[in-house]
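Below is the structure I would like to discuss, written out as structure tokens.
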Amino acid sequence: MCSRLEKTRDYKRRVMESFDRQQVMKTIQASIRDVRPGEVGLEFPYQPKLTQQHGFLHAGIVSTVLDTACGYAAFSLMPENAAVLTVEFKVNLLAPAKGDRFRAVGKVIKPGRTITVTEGKLFSHTEGAESLVATMVGTIMSVYDREGVES
Amino acid sequence: MCSRLEKTRDYKRRVMESFDRQQVMKTIQASIRDVRPGEVGLEFPYQPKLTQQHGFLHAGIVSTVLDTACGYAAFSLMPENAAVLTVEFKVNLLAPAKGDRFRAVGKVIKPGRTITVTEGKLFSHTEGAESLVATMVGTIMSVYDREGVES
Amino acid sequence: MCSRLEKTRDYKRRVMESFDRQQVMKTIQASIRDVRPGEVGLEFPYQPKLTQQHGFLHAGIVSTVLDTACGYAAFSLMPENAAVLTVEFKVNLLAPAKGDRFRAVGKVIKPGRTITVTEGKLFSHTEGAESLVATMVGTIMSVYDREGVES
Amino acid sequence: MCSRLEKTRDYKRRVMESFDRQQVMKTIQASIRDVRPGEVGLEFPYQPKLTQQHGFLHAGIVSTVLDTACGYAAFSLMPENAAVLTVEFKVNLLAPAKGDRFRAVGKVIKPGRTITVTEGKLFSHTEGAESLVATMVGTIMSVYDREGVES
């Protein structure tokens, strides 16, 4: 028998264990803020080694964290035997990604057996003020029993 | 007087100098393969520190290199006083990004005074075979005289 | 002197006059529900002549109404001498577009002098119940003094 | 026994029969130019009833024809028991869609059992000259045995 509490712990555990295997999250120094069913929050500090030519965070690094947040938001709703793969995403850069710290939130807007649609937002923090820097819409796929992509 | 050869050298020089200021390209160990008017090729090796949970290159790192290739493809056609900013991009992941080395190509498909539309392709190399891993469509903006974003 | 009330009327008038010139809106039988600064709502009925092979509304028709809603949401915030052009959009189809009537909402999430980013949602109505059918993210451009594209 | 010729005829027949059920294609007066494995060409005339406020073809109508071209390009490679659904697409508008006639081409760039990625291009014809007006990247899904969406 699986109690509700155990089930809750389980999706968190699955997200956190998979997140820990993403080596790039260590490179970015990203950590999990919170995991809820269908929603994942991440945070990470500014690092010069992740910047583009103007000293802002590179749009691709913004995308990296947003994709991880969106992917695990989808993963949190998937059955235990599913692996998660990103099919595609679109990122809009709304403002230069400058700041001391950044916060990313990924949310499921439409779950599905095969296809889950997600939205992500990246916020920058500068001296206490938070502002929206980028948005993502991502299409995530549940993959069952495919070699080489265990959850 | 500015000869044609000088002009050619000039856009290459501008792209290469700006590329050198992208710290994240050093982190990814990416280098320029070739710069032509409206087209930029980059290459970089597999590194475990850039991977997602299955050991493949993270989709966001794929996006980082594609965005740089597309951005500089657009930049190569811009006037000297313009800076380049990415407005948005869409990435489709066609296959797991595994391999020893990767090659990204960014091309302008529609140049414009303000908006330039680009396409990017990422190829992976494994034991001599090359395969298409991801595509990008990116919208790039020419910015004139905006504080903090010198070319 | 231009009172606040006159200014309000003015953006509504500009949106409604431009909307009336979109012949395709008549073909779709779409009408304006409401216009607020940075937000436009439209509605239209199901018509068999707009369907795809399964009898649902074609994804392109969904896109047509979403693009008009998003475009005018952006236009409502633009200065009087600007014309509005869509640079690009992405549409996610979340559910089959079936129903008696449909409602589209376009909102500005980031206004700008040149580039405005918008989000749209399409809802279907069937027997009183409303459900989300599709989302759009659109990049809209303000064009000044370009021949052939008066506002 | 199914000869190669019969198989060829079969995918063409399936595409053409499904296309004929898209009522919106009649409204747009679009017809099939050619169907090849993984590639579909369509054409249609300018009609004032499909225009936006400047008298150009509405971006959503451009999307409608591109989506049909891309969808059937994917469908042409699917097994007989599959139905085709669009998951999402992105459209870039490169130039005003004006002209006497238009031609759309949809191509598969990555086929898959579940997900097929496609690219579309829309060309306008004015007095014999052809120019690229818009591009699409579309993600198409093969659906098996789902109620209400027979191929």
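Per-chain numbering from 1; labels A, B, C and D assigned in written order.
Note that in this section a residue touches a chain if its C-beta (ideal position, glycine included) is under 8 Å from a C-beta of that chain, and two chains touch if they have at least 3 such contacts.
Predicted model, so just to flag it, every value in this text is computed and none were measured.
Chemist: Hop distance check: chain A to chain C, minimum number of steps through touching chains?
Modeler: 1
Chemist: Taking mean CA positions as centres, which chain lies farthest from chain D?
Modeler: A
Chemist: How far is the middle of chain B from the middle of chain D, if each middle is the mean of its Cα atoms, in Å?
Modeler: The separation of the two C-alpha centroids amounts to 30 Å.
Chemist: Using CA atom averages as chain centres, what separation in Å is found between chain A and chain D?
Modeler: 33
Chemist: Where the CA atoms of chain A average out and where those of chain B average out, how many Å apart are those spots?
Modeler: Whole-Å distance between the two chain centres: 23.
Chemist: What parts of chain A, by residue number, touch at least two of the other chains?
Modeler: In chain A, 87-88, 90, 92, 117, 139 touch at least two other chains.
Chemist: Going by the touch rule set out above, what shape does the chain contact graph take here: line, ring, star, complete or other?
Modeler: Graph shape here is complete: every pair of chains touches.
Chemist: Which part of chain D faces chain A closely enough to touch in the complex?
Modeler: Those in contact with chain A are residues 87-88, 90, 114-115, 117, 139, 141.
Chemist: Can you name the residues of chain B that touch chain D in the complex?
Modeler: Those residues of chain B that touch chain D are 90, 92, 94-95, 109-110, 117, 132, 135, 137, 139.
Chemist: Within their complex, state which residues of chain B touch chain A.
Modeler: Residues in contact with chain A: 18-19, 21-24, 26-27, 48-54, 58-61, 63-68, 83, 85-93, 96, 148-151.
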